[in-house]
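Have a look at the structure that comes next, please.
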């Protein structure tokens, strides 16, 4: 980390952001008491997923796109399956949908626990990282590890392994779990649910900067039932409501001259935010009673507009995911078959699910043999990019009196609020690097 | 050990078979055939209806498919996909545990007495023969395998004579089937013509005692001749044979025969044949220690002479090429084995043929070695 | 319990006891570690509990480090004084590195001794020729010590030793002592030497001088290629193959012929060897990748 | 006092040569005595003689910049040193140094070459013997190239 | 007080973070690991940075940009032991699909302003740029193997990582062979173990996460896949996933691609 002062101005610069997934850098320029430039710069190399999906078979995106992100591979698998099944005109039976939801709970539990305890909490408690934090707060880190372990156990039973699960296929699963296998997870999940409720209490007591933002929230909202995870249509806090298939007409990616990044915006409306704050603010009425109680106890209202309090919302979502996992396990009575056939046909399909850090959109066009003609993937971090920079701008402007060290630390924290997944996001970024012939 | 009281023959019906399973289950963990993952495997068995009722198998080089039979036979298939060895010679066997706290070091053997002995139910003659091979390779040794000894000692064996061999089978040529040899406690011959019944024969005092407690009727000449006919027909229907004449010498004497290089073109060195083989017993000793724990464990894990690591000495692998590894396996199995243990390592079950992902046929390979070097190899099957 | 059941149970207990004795190691404490060369040390071990390890010259043990693993190492100590169990270990891999790094007081695990010995006594009344190459001197040291302990029973005793460089010579002090003896002929040769080396440079085979073929028992240990050449030379000089003994090396792991790693066609090197009569293994050594 | 022919007969190298041949060779031979570290010959000098070590040890050496002197081979009692006298351009390829006080018999190669040219039977007999020496040295050099006693390679983390 | 613990650094090139996450997923062992080593550089886990040199460096990801090609040299220079972890670092990873495509076209498909994207035409493993002390395979790496690696590095011995095929693991766990019993295309026979035979246990064919076994006989396997009904283009795709650029997979997939044209 470096920071330096210049005559007449200040530049805050973090070359390598810590405790985020992937490699990013942050750059804030202050001139004459005003923030003149804010850039979240991604140094993660591009990996061209949409390009090499072209020509692949329609059955392959769950395995291929999982590799975009090791933290939220299930999100990629779920959105990919949804989009391809949409293209092929197949919908899966409710039992399969329930198992997908259960698998997704595993990822939420694992990812949220990682973010809360390993990436975010050390900011509030004043440590460089969780391992340093463990020396003084072994109980807290231990609790986080226990919750994370429960999420990973669920992922492992249902997905085969927690990173890049192998059991997901277009149309369902390769193998159904045994009821006994799932029931065996119950005690661990119940314990973790208790630990998650404790976690809500813990993080609700952190010191939060007084900072709210007027962003438009965007999330999935299921037509009926429960908190959004693997299905739903899109709603925004500005009152928009549209089907996932209309995502491309409502969301545009703009290239701003002052930034190296493409910023997703709602057509004619501006930047928006996806992720826990958006989900909570748009769907808090759908929380399970247990999660709703935890949220109320933590003092969260019907919506939450302070990005720093996202850690509280994540904790509430942990309770929700664990509670939902237990409910799904209890109601699991097998399925007629592990998967339904998804025959290829020509067409375009759209899929969106709620990754732990926000809505993840996939679109595929197939030919009659199922070869992929075109693919588009919009990850959550891409959508939040503009808001993250806007947060930084507003946040820094109000705290110019802080010294560089503290301001830098708080800026990093402001970025971590979003749990940015830079590995996911690389394909949307422009990098100012010179071209080199390989 | 010969005993006057064995050799009793009687007839069991299907409920009687359940009575047999129940009787075994009272004292043993019963392991028997059942359908799982598209194949007949061996696993814990409680009820007769778990058996592969009405199921047969089509097995040939590199291919296995379940097939529905037209009758309700429960033993109407050939060798199970999983050999019985894992219940006496498990894939991973902890051997010893070392406690090292920095000042004192102690080593303790790990010899978990099985809670209950195992009863192998419905295994085939080839499996029985394989156990006899293991007895020689693992027990009749200067240092016997204590874990095998212990599991083997309590073993109760109900063998099911094989009446429907697969295309991959060649036990007749190895002299190991289809009728079971010695070493079983009870033997069953299934008769599906007419009344569905099982001719049961005792082969040990323990078998004799158990048989006496089962609801049987006496066997008559009709039962006996039906069983004989079924086994004779099974033997006659066997299409594969191992050319055993002078085979050991052919193998041991021709390490440079071009057939080794030819088979190496096809062989994937994946190790499937060795691990599907009911007699292969090669293992590696692995040591595991958890970070920060004073306890380390040594365990024995199945290994295969087809892996590069298997013959690793400091500096490198002795058998770097696939041809050398295939030669090692086959030469050992059918040649050196005889010198080491006084018996062939092959029982003719055909599992190495069926479960080879590219369908390499050990009997064909044996014939290739009989071909004078320099003669054109046969065309590879498309 | 019936009589036969009791018998069977006693048989089982005996089988299990014999098996465990061979397969479960005993802890031994390092008494001393002496550096022989840059990469080789000689460890002197004593049992933590129980009696000392009786062994025959030429046998090996499975020497281990708790939590790391075990490797076959020839015993290099004096068979007539088994209280000091010695192994000379070259640091060539993970486990041998851990063993070679052991210091006095550390505890190692030992299984064995395993395998056949040199059968030194078979040479009584005749000449004994020892040919060693490199680390191969280690398993021959017990043979030489046994010969010297009963020196009067033999006619000539000769040690021919080839090493890579003068710095790689094992047991250098002891060798100097042996060279001073009148009842033992010692010849050394190295592959590479600086001019300060006053000894011979060249192959160990070149050291083989006149032998009385029919009365000579030859004990040979070294890299397999070296043993092939030495055997060829001895056969050329008329020593019968049955009187040439070679110590083979393969990937011994269980030590008792149960794991299959060290098979050399029909032989288990751990059980039937490591010391073989040359006529038993010459043909096998000629086959590539056997 | 032993005659040169008697002295030569002690060398295994000449075993089996008839008296006439021995007499011819003896005519080309002289005994030499070298102190320790005295050179029999140096690299590049004309190779006019070869030596049979009677007692002592001779090292064949080369020096290479940066590596210093390296002993390639040694010759002990009964061994033959040098065959460059047989092969054009008749110049020594190595240095030969007495490692310890050494006595040897030097044979005039140029003289012997002449005699061999006139007497092909003698020439063949001598060449046969030289071939044996050359073969043994070549084999030894090859085997040593294998560096058999070196620690086996392989990474150790 | 001097800290004698070995220092550990974790670096990332082009990758998905999954292999690093595997380290954080060692819930039961993480704090024990942290007690045995000094975590000197691990940005995903901590802001704290200690300067090199490092005793052990784990490198995740492949080299895909000129900047990373330079950076891996710097990492090597300050690392006593360098271990590449995961399919990206050991074979180029899934992004090595660019190696068999037109990277210029790829750039234009994904990016609005392709001119600004600096990227190399090939995604290459770490060992193609610097000397690597050990390679840990997998997409992602296996937790047990990662712990064995760290344990062995701390004990100063060579990691015991089997190079046997996936078939061996299937047989150990008692999985019925899928290609034989169901005609399922499976790379298990030529793929290195490490996953515990995961995919076949879930009823799907192996797709090669741990890369080819040493000396893998791809020609014979490809022949058998054709027998099972795969077309050359199917075989090509099967070999081109997470270990596309592993030499044995790359050579056979190129051969199959030729046949499909």
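Note that the chains are named A, B, C, D and E in the order they appear, and that numbering of residues resets to 1 at the start of each chain.
We adopt the following convention: a residue touches a chain if its C-beta (ideal position, glycine included) is under 8 Å from a C-beta of that chain, and two chains touch if they have at least 3 such contacts.
Keep in mind that what you see is a predicted model, and the values were worked out from it rather than measured.
The most distant chain from subunit D is A, comparing centres defined as mean Cα coordinates. Each of B-C and C-E has its own count of C-beta contacts, and the greater count is at B-C. Of all chains displayed, E has the C-alpha centre closest to the centre of the whole protein C-alpha set. Here the CA centre of subunit B is 66 Å from the CA centre of subunit D. Averaging C-alpha coordinates per chain places the centre of subunit C 37 Å away from that of subunit D.
In this assembly, the C-alpha centroid of subunit A lies 82 Å from the C-alpha centroid of subunit D. Once the centre of each chain is set as its mean CA position, subunit A and subunit E turn out to be 25 Å apart. Listed for subunit C are residues 67-69, 92-94, 97, each touching two or more other chains.
Residues of subunit B found to touch two or more other chains are 287, 289, 303, 314-315, 320-321. Residue numbers of subunit D whose C-beta contacts span two or more other chains: 152, 154, 156-157. By the touch rule above, subunit D contacts subunit C in their complex via residues 57, 59, 61, 68-74, 76, 97, 99-100, 136, 139-140, 143-144, 146-152, 154, 156-157.
Taken together, the subunit C residues at the contact with subunit E in this complex read 67-69, 93-95, 97-98, 101. Against subunit B, the residues of subunit E that register as touching in their complex are 29, 32-33, 35-36, 147, 150-151, 154, 160, 162-165, 167-168, 171-177, 179-183, 186, 188-190, 203, 213-217, 219-221, 223-224, 227. Against subunit A, the residues of subunit E that register as touching in their complex are 12-22, 24-25, 27-28, 30-31, 34, 39, 42-49, 64-68, 93-95, 97-98, 101, 103, 105-107, 109-113, 115-122, 139-140, 195, 198-199, 201-204, 207, 209, 237, 241-242. Residues of subunit A touching subunit E in their complex: 1, 16-23, 43-52, 54, 56-57, 60, 63-64, 67-71, 73, 110, 114, 118, 122, 128-132, 134, 141, 145-146, 148-149, 152, 160-164, 166-167, 169, 174-175, 253, 255, 260, 262, 338, 412, 423, 427, 430-438.
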